[in-house]
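The structure under discussion appears below in the form of structure tokens.
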């Protein structure tokens, strides 16, 4: 599927600062970036970096003080996902996990799975098929957490969300991840551009490691699962923030959007009983 | 330096369980494991694994139900550290950091550096030499947190320790790491065996990334900095737990010790004004 | 109903200390203390105090250092409760509340009702009869929180219990109170002796202010609602601790029990659809 | 001292709601309200209530839905404080406390003194004179917590403030109270109007019970201690919120100010070594 993505960021820089931006479409075997442009105004060179495991691709910018920076990113991307038949999935056994996914089993800053062990296991522990488990927990989040813009901030964690019952896509993803890990299912944070997300914005959802594949889930149900462009994956938002900022900086603008280049698109969402997972690897 | 380490673990296994143990001395370019033995009684095969970046080496064991497992590990290790002159260190700039260390800048489960930004920067932000900064923060921890066995548990984080002012080596390390990251200094958790630790036990301290090196710090001041055998490093204890357990299991015994094989040893601790760091890489 | 209650407490006193004990049966218009004895060994005079509103009656003891104190309390009590028909209760209106109960609407140390507003209102907000609301929330607690001795401590609050899903009678009561207040129903903590509580111990439950009466609820369902002897009420356990201790003291023993003096007793528990509340005022 | 106070509040009421306002100057033996007016526009009758112990005087308003309410309060008040010589104060003994102040020793929603026991005692426990203790802890708060408008919200507690090191007058007061209680000094929240507070607003500080008197302290040092008009006291802000709201309501305006009617005023602040406390009882 061919999608065109845009991002516009603005910052007022008070002191000499370093910005690490996670807004570039990831280049993977299954996601081709056909063309892209990234401009910083006034001109500063941005250094492109790839994280150690290739889970994200980020831009490092060093800005002088007293600058109004605007940045524009634009890319045309061919993403390719595939459907995975999850009908016969059985419980993930730690005994068979590859070492590279262990890190996604452990609690992280915003996904305190250790604290939510009993809640996750009481609610979802008895469901035998792990794909259904994750579907059930995303439904629980969808039904129990109110999507409420502005209700949370960058310090909000899965535990806060269980208590306060409101959040945005980031919080929905963190809670999904925490529940998965509490069920011994490796899970990771996914940020990207999302077609038909309304209002347009950066989006966050999560991937669960089931049957040896990273299957995508989105507890917000706000965007079709087949219209995503991956920016990055990580343990949680701490690893994949749109912008990590070192210095005195105020954000003045943040916008993202995603359009379809092709003319046909059938929105795909999970439906009960279908056992058809979607994977973006 | 040649050291001999021992560990004995006992678990009562109720249900079929997987145990991931982090007790083996790491094999690195600078730490040679001369000989080692690991036995599980009753006999179960343990699978040795190395994490993706080689930061730890762990054993995965699958146990049947209703078993009393005991495990014994013994190794003779040549560790080699080196002293690093930290006199002219200047502030770590994110702009020059290697991508492999970014992960150690971000907040993690037990090291919520984002929450402690103001505290860290108010207390230590104005110290120009980052080695002195980290020395100052370890001293602050040593002076403000009471070392109190049994005062904390596996859910305790750096934020809890700032509030409750008591903890064990794990908590001292977590707080040190959180302070470093809040100061934009990459920092990671270090677990190992420690010579002259009294009473003998597994030990935890931390490494800060200064001048391109991982320099070791220990806010507990309970063991000489030159008598350590590295087991693992990670973002925090979530990555490097002595035992991660999946199943119904009770720990019945946990012991660790470390002896000197050579006859001479001059305990090394940091002293103010010396600017001599120690690195185990 | 005539009940006989016993309590035995033991403390090792290190430094000169003050102990405030909440173990005496309250004397109210509806609870008559027929006879009682309280002994401290070695002999120290205990001063009996009544709180400002008469919600508790406590004993203040000043102990010298290096003392092993044991205390024994015994009383025969006629408690009298009455059944309240709750069928036609309508939503509590703050506009009609007496000022003396306002304090029980506000969040307190262990009952952070402000944090649980959305959870309480989503789950129970649409139930029109407030007696049924409180029954529904006690059932929710009973079904979702595991009663697990030793799982919590004196710092545990209602928010912790929502997250960690385990606790003891104190935690069940705190969560019940927090939910009520989040629903704009005044609620308070109730400590007492409980007949047929097994194993025997001090008990905690809560009262909700409905239809102008304090109606008793117990989310643990561990003891009949008609076999209680009231010790104290308060905003939460902070006001009514069995022992508040000022000094270096270790508890060496804590026991409580409750026996029936009369020969007949029909255990009473709430049943769905009965609309029969019980009030101890 | 004669002061004139004003408050203006505005609310948009969505659903039928009850508002409890704490904005009236308290009438006490030592604070005379010479004249006052309170108007609600559009006209709704407000019911004046006095709390059980007379610690606050509040107005209860029932508003219909879809209303834009504005309220104006104006009063001329003679406050009278007195100076208390604190030179010879000795440690507060729980053994001599009056039962009416016990409630101010216990932890409350925003003042978790139980969590801060070690911090308070390590920092201030060895100061023999309790007046100096409280001065020391207010200085510690003043020096360690940044006064930062908008940095906190109605959920922020003393524990959050210890961690995050920023807050407003309410947070400074909560932390002062929590420290006092952790030192076994009864302490309570004080809200009022403050002359020379800049910018003008409602103010919060706290009283500590020393030598049998409620002595006033203000860790913000933003207003003279002798220019206050008391609105209410309570365990913390939960008891004394400017507005407690039951219903769907948005605040559209909140203003308060305080002017001197007399022509002379010598601002009074505590100075080290003076041992002169101020009491508003």
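Here the chain labels run A, B, C and D in written order, and each chain numbers its own residues starting at 1.
Here is the rule we go by: contacts are C-beta pairs under 8 Å (C-beta built on N, C-alpha and C of every residue); 3 or more make two chains touch, one makes a residue touch a chain.
Since this is a predicted model, take the numbers as computed values, not measurements.
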Check your understanding: Taking a step as a move to a touching chain, how many steps at least join chain A to chain D?
Key -> 2
Check your understanding: Roughly how many whole angstrom separate the Cα centroids of chain A and chain B?
Key -> 30
Point to revise | Between chain B and chain D, centroid-to-centroid distance (C-alpha), Å | key: 46
Point to revise | Multi-chain contact sites of chain A, meaning residues that touch two or more partners | key: 115
Review point. Drawing the touching chains as a network, do you get a line, a ring, a star, a complete graph or other?
Key: ring
Revision key, fill the gap. Chains touch in the following pairs A-B, A-C, B-D, C-D
Review point. Chain D touches which residues of chain C in the complex?
Key: 18, 20, 49-53, 60, 62, 93-95, 99-100, 102-103, 105-109, 111-112, 114-115, 154-155, 184, 235, 238-239, 244, 246
Review point. So in the complex, which bits of chain C are touching chain A?
Key: 115-116, 118-119, 122, 144, 146, 159, 162-166
